[in-house]
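Below is one structure, written out as structure tokens; the observations come after it.
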Amino acid sequence: MRLPQKNRTIEEAVAHIGDGASIMVGGFGVPGTPFNLIAELVRQGQKNLTIIKNDANEAGMGIDHLLANGQVRKLIVTHLGLNAHAIELMNRGVIEVEFCAQGILAERIRAGGAGLAGFISDIGIGTELAEGKQMVTVDGSDYVLETALRTDAALIHAERCDGFGNLCFAKTARNFNPLMAMAADCVIVQSRNCLPIGDIDPDSIHTPGPFVDHVVALDQLHKEYAIVRR
Amino acid sequence: MVARAARAIEPGMLVNLGIGLPTRVVNFLPTGMEVGLHTENGLVGVGPTMDYDHADCDLIDAGGAYISALPGGAFIDSAMSFAIVRSGRLDLTMLGAFEVAQNGDLANWKIPGKFSPGVGGGIELAQKAAHVMVLTTHTDRKGNPKLLERCTLPLTAIGSVERIFTDMAVVDVTPQGFVLRELAEGISVAEVKSATGAPLMIPDGDIPTF
Amino acid sequence: MRLPQKNRTIEEAVAHIGDGASIMVGGFGVPGTPFNLIAELVRQGQKNLTIIKNDANEAGMGIDHLLANGQVRKLIVTHLGLNAHAIELMNRGVIEVEFCAQGILAERIRAGGAGLAGFISDIGIGTELAEGKQMVTVDGSDYVLETALRTDAALIHAERCDGFGNLCFAKTARNFNPLMAMAADCVIVQSRNCLPIGDIDPDSIHTPGPFVDHVVALDQLHKEYAIVRR
Amino acid sequence: MVARAARAIEPGMLVNLGIGLPTRVVNFLPTGMEVGLHTENGLVGVGPTMDYDHADCDLIDAGGAYISALPGGAFIDSAMSFAIVRSGRLDLTMLGAFEVAQNGDLANWKIPGKFSPGVGGGIELAQKAAHVMVLTTHTDRKGNPKLLERCTLPLTAIGSVERIFTDMAVVDVTPQGFVLRELAEGISVAEVKSATGAPLMIPDGDIPTF
């Protein structure tokens, strides 16, 4: 299977994103965050973006560059604890922030990737996080309806890939990446290790190629993809 | 008809071939053509069928045939397999049919009282593949038409079939109903019309043969 | 991490299943079907079982021995096409059969394994398979509510495992196995390759150990786990 | 108190230690104890913390600390990580708290107008772990009690806390309310009572110290 090669330059790949786009961004802290793709998105300057990510990285890193550059309208995240700048922008009303429980965010993304409309669970019933959400009663029990998330684009950091878009992730850099790689109309992957087709063990692929649209081979990772000394 | 159906597959497509006649389409694809074949039991990148002496008992397609995996293939679980289908990443599926209606409705899984072994993955394939084509004989064994004004059997999917390849013709499903596109060699327009259980529009000009 | 060793004899493991139990059984055709565990269940003779599996194998194989032995009350499957005996029992009313679309069955099992109560989708709307199911309206669109499945036990065939219950599956023998291995209160695994803890690449594990209760090391696979010549 | 909390962990358990004080519990586990530590960002089998010179930038815990993975560990995605939590396979979680109510309600993620960085994985851990214990100072920095009749802050979970380890005491949540189980060395029953914002039942007999 050679299929259409999905290799692109980073400029070509990120140019598929337009103003006003919704974008999922992989990563939990540094691991799995596609810093190179984010930097290119900052360079190209698309505006009015909605970003879905576990967190907003730390001040001065990754997602924070998009915030500083005024490109973000809304964040959907699980927490902003390590980015005081993002919290300040939220408190000043410069950006809109929607918080989601972490596992619920993961499932909403997966549901979008699996072609479902949503799911029901008892998580958060009786707390602020369930407020305003549609409830569904099944066999006499009440559940919160959580709607599926899909976006225009997803930015993914993979440890290894091939030109068909089969992906493998490393250690805790996996996190949201394989879920987001299923759930966007335009899935863009960065990786330092683009292997010839056939070089990845077919039993060990985390994301199968059909979900992926563009693969960007990196000569080196962005300097922010490194140990953070606090 | 199988060879004709194979020509509907374009390089680079991700395709699922249903059990039965559609499975045989793979034998008519040009050698080296860059098509990704999906089998819903858990493989993207289906390779050639294997004979019993070279078969791997861990490697079958959804119809139970022993197959191989091509380089670049990926094994996936059943949830991931249908995530690909339902999320719209499957470009084309070719399915068998008991009945196809002029509005694209498909019935291919149950004949009440006679045949009801279950639907398998058919509903999701028929409802969610980007393009749905049917590969079937034009009439059943008794000569009754399978292309109908409306289906009489339990439906698999509503309004999803785009094109039908039969032993007599290639017929498109359009908003106006069935339209004859091609004739099998030696078959006349009148023969197709009489074997079709719904109005069949005939475009002006020559009808190509296959 | 050594943790409690989960290695059991096949007799001990299957003895955790009682009369009236609901049991998920992995496999799609032969690949991934836990024939050894099924044979032990036939030997022990638990009655009145509800079996959830993609299919009922073929006449004279696997699940069919449970049917022949009168141990099964109900089957939840996607199709019975290769087992004429099962179809005959269904038609005679000896067993109850519930059919489910294949990907929907996979998702219902996964939802049970993920601690969700169910999900909503548009699959099957307007067909017999959606009849009688609860509908949910979201933003003006109608969806079928599909409820999560969990069972008392799951019987799983793995290619490799360790004593903590980390599992890897081979090729198309993966199918429903990793989903079912999440969705039962008592998850029993058979494998010919029980490796020392630490011998499985932590990035390539399909089912993490916490889901697994009992691991049965097999000297050899059941003779039915072989090429079927028709 | 951290050392005392560590004694609640039994061999063979699967445990998630929340960000902050609870994370430090790992340093008080007996060497070689067979505990599976789960970190919700994607690892079962958390090993010792790594210093900057030996850290792997792909390997952190949910609090952002550089860690290692033990043999037998498994890396998982965020959906699988919380599938373990929600399906009841997590034996124990230890969490921090702003407030705990005598019915087991927990508030630990938001102080309206002051602190609202988001809930992370806390809601699911607090709601779904088989056992939920809290590790916190008995009072806040201003000396106000954190153990209350009812929580005033937005809740993380309802009625889920079983046991509270503080710098002053070990307190159980029972159907009848808070019950004093142990005292920190040098702390009197009267001191704990006055630092607790709800009735505190004192069992007959000696109260052990830790």
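A, B, C and D are the chain letters, set down in written order, and residue numbers restart from 1 in every chain.
By definition in this document, contacts are C-beta pairs under 8 Å (C-beta built on N, C-alpha and C of every residue); 3 or more make two chains touch, one makes a residue touch a chain.
Keep in mind that this is a model prediction, so the values were computed, not measured.
Chain centres were defined as the mean of their Cα atoms; on that basis the chain farthest from chain C turns out to be D.
Annotation: A-D is the more contact-rich of the chain pairs A-D and C-D, by number of C-beta pairs in contact. Averaging Cα coordinates per chain places chain B and chain D 56 Å apart. If you average the Cα atoms of chain A and of chain D, the two centres end up 29 Å apart. One finds 35 Å separating the Cα centroids of chain A and chain B.
Annotation for chain B: residues 69, 75-76, 79, 82-83, 85-86, 128 touch two or more other chains. With touch defined as above, residues shared between interfaces to two or more other chains in chain C number as follows: 107, 114-116, 121-122, 169-171, 174, 202-203.
Residues 107, 111, 114-122, 134, 136, 138, 141, 143, 145, 147, 168-171, 174, 201-204 of chain A are the ones that touch chain C when the two sit in their complex. The touching residues of chain C, counted against chain B in their complex, run 28-32, 54, 77-82, 87, 97, 99, 101-107, 109-110, 121-129, 159, 169-179, 206, 225-229. Chain D meets chain C in the complex at residues 11-12, 14, 34-36, 38, 44-45, 69-76, 79-80, 82-90, 128.
Of all the residues in chain D, the ones that touch chain A in their complex are 39-43, 52, 55-62, 64, 66, 69, 75-79, 81-83, 85-86, 110, 116-124, 127-128, 154-158.
Per the touch definition, chain A reaches chain B in the complex via residues 1-4, 112-116, 162, 164, 166, 182-183, 197-198, 202-203, 205, 208-211.
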